[in-house]
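Each chain gets a letter, A, B, C, D, E and F, in the order it is written, and its residues are counted from 1.
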Amino acid sequence: MDLIDLYLQEDLGEGDITSLALVDDREGRAIITAGQDGVLAGVEEAVEVFRRTGCTCRPMLDDGQKMTEGQEVMEVRGPWKGMLAGERLALNFLMRMSGIATQTRQAVDSCRKANPNLVIAATRKTTPGFRRFEKRAVRLGGGDPHRFRLDDAFLIKDNHLTVVGSVFRAVRRAQSYSFAKKVEVEVESLEQAQEAARAGADVILLDNMTPPQARECYLAIKAVDQRVLVEVSGGITPDSALDYAHYADIISMGALTHSVPAVHLSMHIVE
Amino acid sequence: MDLIDLYLQEDLGEGDITSLALVDDREGRAIITAGQDGVLAGVEEAVEVFRRTGCTCRPMLDDGQKMTEGQEVMEVRGPWKGMLAGERLALNFLMRMSGIATQTRQAVDSCRKANPNLVIAATRKTTPGFRRFEKRAVRLGGGDPHRFRLDDAFLIKDNHLTVVGSVFRAVRRAQSYSFAKKVEVEVESLEQAQEAARAGADVILLDNMTPPQARECYLAIKAVDQRVLVEVSGGITPDSALDYAHYADIISMGALTHSVPAVHLSMHIVE
Amino acid sequence: MDLIDLYLQEDLGEGDITSLALVDDREGRAIITAGQDGVLAGVEEAVEVFRRTGCTCRPMLDDGQKMTEGQEVMEVRGPWKGMLAGERLALNFLMRMSGIATQTRQAVDSCRKANPNLVIAATRKTTPGFRRFEKRAVRLGGGDPHRFRLDDAFLIKDNHLTVVGSVFRAVRRAQSYSFAKKVEVEVESLEQAQEAARAGADVILLDNMTPPQARECYLAIKAVDQRVLVEVSGGITPDSALDYAHYADIISMGALTHSVPAVHLSMHIVE
Amino acid sequence: MDLIDLYLQEDLGEGDITSLALVDDREGRAIITAGQDGVLAGVEEAVEVFRRTGCTCRPMLDDGQKMTEGQEVMEVRGPWKGMLAGERLALNFLMRMSGIATQTRQAVDSCRKANPNLVIAATRKTTPGFRRFEKRAVRLGGGDPHRFRLDDAFLIKDNHLTVVGSVFRAVRRAQSYSFAKKVEVEVESLEQAQEAARAGADVILLDNMTPPQARECYLAIKAVDQRVLVEVSGGITPDSALDYAHYADIISMGALTHSVPAVHLSMHIVE
Amino acid sequence: MDLIDLYLQEDLGEGDITSLALVDDREGRAIITAGQDGVLAGVEEAVEVFRRTGCTCRPMLDDGQKMTEGQEVMEVRGPWKGMLAGERLALNFLMRMSGIATQTRQAVDSCRKANPNLVIAATRKTTPGFRRFEKRAVRLGGGDPHRFRLDDAFLIKDNHLTVVGSVFRAVRRAQSYSFAKKVEVEVESLEQAQEAARAGADVILLDNMTPPQARECYLAIKAVDQRVLVEVSGGITPDSALDYAHYADIISMGALTHSVPAVHLSMHIVE
Amino acid sequence: MDLIDLYLQEDLGEGDITSLALVDDREGRAIITAGQDGVLAGVEEAVEVFRRTGCTCRPMLDDGQKMTEGQEVMEVRGPWKGMLAGERLALNFLMRMSGIATQTRQAVDSCRKANPNLVIAATRKTTPGFRRFEKRAVRLGGGDPHRFRLDDAFLIKDNHLTVVGSVFRAVRRAQSYSFAKKVEVEVESLEQAQEAARAGADVILLDNMTPPQARECYLAIKAVDQRVLVEVSGGITPDSALDYAHYADIISMGALTHSVPAVHLSMHIVE
């Protein structure tokens, strides 16, 4: 059973008793409409949900495109029972993923004016069991999903440094553990930042710094090695991201996935 | 594989390579601390996550209790590797569930001043794959989870009525389909509300009505049968809920689960 | 893996070695024939089983229709190997589900003569892992499946009352726990029955009563509130159900699923 | 997720709402009592069910022992919620498995008086998803479970012979397909029986024969080779089995698993 | 999720990031070519892998056929992304299964010259999680897969005899445990071999004997009963098998599956 | 169900019928002994297998240590039935993983004499469903597991270049797709190698080159950027690896996992 089957089972249980009691086997047509402006995401998933409940979809907009309030985004055809069985899950995909894509796109558009090469990235602060789709929504909004799992790349954080002691030693140990993964290290001071750069870290994460602190570290790191990437993070929101945009290669924000309002969409049977 | 195993696998992949490279097999102690005021939720889940990564927890607060910024909410003991492997999932549980519980508690407290018997309820607008825990967070915040699945109770909505035609006939068909499930019907007018009450619906949902419209329907329904429960819904937020509090038995809000900011918590290894 | 895949794997193991050794890849046709009179059930499931073993079916009778000994009920076409691989599971579905539907239909037909509104219901005394299909067979026989799971509705039983003490308090606690689920309570005396009705129970189950006791309770409950449903249960068989038919809204019988003889059907390859 | 978890989930859904609403976290004790005479089976499974719901059991009788109406068969201790959560599944195991064991034991006892070496065997006519436990109940009743799956042994049936044509060729092909599995062949005439014996079949199944026909075939087969086992089958019930007991090594009966009444057991909380 | 889905997930993780980054949605064609002479196996599996990644295959050779270095064995058509996503798993199937089939065929061809009725068999010394396919490769190479699981047949080994004590008693107990499974017993001396034959074992395994010892036991067993099958095993390789070929019905070799070099195949996109 | 449960089920089926028939519930002790010299691997897995069959282990050697023929490597205690049920799977883990660790260690020891910093790496040419353990065995032998999945790092191969055209463009596209993953590119000529280095590839794989070709490319790459890692691959075996050791940072070999003979170990019950 894959994730979409799991989600369908979560919503259906033994079946949609309201439709079983009320609806016969005739077929019809429904329209999914945007209730707000935003960036549409979750189209591929919604189409797949309805496919599994016996319906076919004709999207009017693709994943990642802008939608405006009142715009029709998808037509669904099939048995009424199938449309009603898939409705909630399809909308839950669309509403949450569009919320994330919309918020990501705003942060990207805002920061790219200041720094056209800046990458806006998510974190692992996602909803358990739904990470794959939240990460995909970040990408559809123009962001970078960052690590999916703990085995994607090394990310040496404060808790690791508490245990290991030295930034330099931590970076070197990680490098020798696997040549195939990047080594990122989270630092909280200028000294740590320079030490990480000298150790050959691929990415250095400046954690919970003010914009001036971040600027100072950024310049110091690049002075050691232009190729090291600098990421800033820690309580940054789409609003405050702009303050860091000139002195970062990447800004990562947990809020892109953990505190995002859904974008409203609804489905109505039209015949 | 149950849901918590699924979530762990989603986060761990082949293992926490950073810890594998850096951390030896010694044991230690960590503290989870609240980063904001709120209602704590997810304690039971966090304890279970750490149990599966080989650690033991001592909660300082229980699920559903209030926490204040800076307060220590849980102690974790065990191998460093186990604490680090469980950290993100445990915090993701705590942050999202506490966000939902906090927002629910605010709506409940606010509305109960006006109507002490009012029930604040969630909807099925949840994150796919995580509904069980979002519903539990609603309950921990003092709310009612409402239907978990489409087979929990009949809920006859606009799309069903488009298909069936008559409110009265729809209610009666549902009643004869199963004696064991309540019949709720969503109405959009006074006439439909009265028809539903006369048909013997257990719960009548007033959808997208203004407070005066809801008042009128509420009184008309109770005039038919005092025992019918009246639920209002449709774009209501914790802020606007108070306007409906006097003329409803239940106010349900999708926003309790689909648009909730996380409450911040963090874990720090202390030895 | 869904249930039908699980059942197929249970029967096939590494494959049907007899067919692998003996049968080549040619295609043929087989007929499934009723070995006894009864109500046919399991057609949908049998068709799905054969679909998964590469065959297509043409049912001559639908689920819920009467069949007579010797009647052809389904034609199967496809590779011999696929027909033989699906044969036993398809017949096990048909034989057990038809057994349940047949017995349910007999009870319904018998009791409805006395009380045309009477509901014949099953219980949770089903075969582990096969409940969905046993409940469906009850419905195909004209019965009501009653609760599928412990979360479908409240059913306060003797063991709960041993713990809680008071019928009234138990009903009220259940009501305040969830507004969306019906509250049913099992009673063993007239006093308990009246107490349950006054507490606002939706359904009252008279457990292990003689027909005269049931009559007395039924009348007392309806005197409190006409809308309360009365269910009788406890060792009732299709034969003895008639004695309760006038003073019950629902008669539930575990025997419909736990002690039902299969109805014989067999498959023969005809070319 | 193993089968017992699957069964628990089937019964529990999101949880036992009645207990959640009514029962606190105190612990207690319950007794499971036989409601009829019979052979007890399912003890090991019931103990495991309660273990998973947080309880411990002390069986007073072991699997396969005789029980009499009113006899206490098991004590359960643990949280009330755990006892109530496991009650139905544990009883469903015990009731169905004891039903099968009881019926098997009766057939074994009856036939063994006539032929002390006779084996009473089940078939693959089991409830989908529950075969493992139905087969175990047969063994606990003194019977032989016969094949669990299609890959356990060759069983060449009428449908295979329709396809292959010759009994002799079918047996030989099966033998050359795998040296590790026995070859059984179902025959409907004396000629086929002799042909199968001469081909070296390990077991010959006499299908739907009258007792005199079975006797004739039995003697003919043993005349070819004393070591070939003779099984009779086809509509035989525990009652009619005795007629075949002298001229068979094995009597197999689908009715042992497909048409067996449950033996009643119940659980009562005593403190 | 079946095994092939499990294997695909093992290789794909969250997706083939290289293709996602580089390759658009166009379609193309690829050829799979043999890098060595050998017996081809895994065609059916490779076709199924590519089917699941959205491609279609046209095999130029069937499972079990001989291939020569440089020969094209399969054409794959479909989206580039699908071909690249399935490439490694399809080749891993083909390379390992062809390695096993090739080695098995060599042993079979070599031994059959000496004894045309000899069976070359595998053991349970397979790679965990891949046994089904390794056994199938043995069959495609002309060998017998022997037991798939511990419940396929009795195989009484030295460790069992340590526990039970007597060969005779062990064989008899196994026979009475199930009439449907063959009884094989592993012996280490002439006395044990004769005892096993007299007890009625179906197969006798001569473990770790020299060719002369095996010859002596073989003749002694057949003197007791011509129908008992004699298997030799224990450190035999395809090279040394010939020495036993005259005095065995079956030679089994773990090396056929546990120490087999892969046969090289590769895939190249041609347009 | 995790992988070890899946593997156990693969081997056990409905249970170890030989033990069920022959062995009572007594407990005993067994010893696992090395049949050859080598590097031991799979200890952790074997211990876990026996834990699941109810036994406890006391390893005499740890994973990654050298063993010599005849050396006792592990003691197993528990019920005879549990020891026999886990025996084959535990040994299959130990034999295959030790085979891989032994071969890897030989390659590492041989090449490190020439180049102490050289990394010996595996590939994705593993047995489907068993990759996790084959990769772990490589690490236990002193090697690097390289990519586990297609999403671990970019690896731009000949088939991708066929599609994309330019090495430079491919590397740049991969970099912009994700900042968190390394970019490796496979090249077949000096020009491609230099182009990849100039594009900023993290790792450059020299495919199927002779030692002199590899030397030339290695020097050219390092002339562009000392930090770029150079991997050589393509038909290299532990024997031929030494020829490349001076001009490579990494040598990767499919043969470490796809063509490795098992190291023999066996278990004997001693009481």
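Here, a residue touches a chain if its C-beta (ideal position, glycine included) is under 8 Å from a C-beta of that chain, and two chains touch if they have at least 3 such contacts.
Bear in mind the structure is a predicted one, so any value in this text is a computation, not a measurement.
**Student:** Determine, among B-C, E-F or A-B, the equivalent of interface D-E; equivalence here requires over half of the contact pairs to be the same by residue number.
**Tutor:** The same interface as D-E is formed by B-C.
**Student:** If you tally contacting C-beta pairs, which comes out ahead, E-F or A-F? Let me know.
**Tutor:** E-F
**Student:** Taking each chain's centre as the mean of its Cα atoms, which chain lies farthest from chain E?
**Tutor:** Between chain E and every other chain, the largest centroid distance is to B.
**Student:** Counting only Cα atoms for the centres, state how far chain C is from chain E in Å.
**Tutor:** The mean C-alpha positions of chain C and chain E differ by 46 Å.
**Student:** Between chain C and chain D, what is the separation of their C-alpha centroids in Å?
**Tutor:** 22
**Student:** Indicate the whole-number Å distance between the mean C-alpha point of chain C and the mean C-alpha point of chain F.
**Tutor:** 53
**Student:** Name the residues of chain A that each touch 2 or more other chains.
**Tutor:** 1, 13-14, 132, 148, 151-152, 178, 181
**Student:** Please give the residue numbers of chain F that touch chain E in the complex, ascending.
**Tutor:** It is residues 3, 6-7, 10-23, 28, 30, 80, 83-85, 87-89, 91-93, 95-96, 99, 124-133, 148-152, 154-160, 162-164, 170, 173-174, 176-178, 181, 254-255, 258-262, 267-269 of chain F that touch chain E.
**Student:** Inside the complex, what are the residues of chain A that reach chain F?
**Tutor:** 119, 121, 144-148, 151-153, 178-182, 184, 200, 202-203, 227, 229, 249-250
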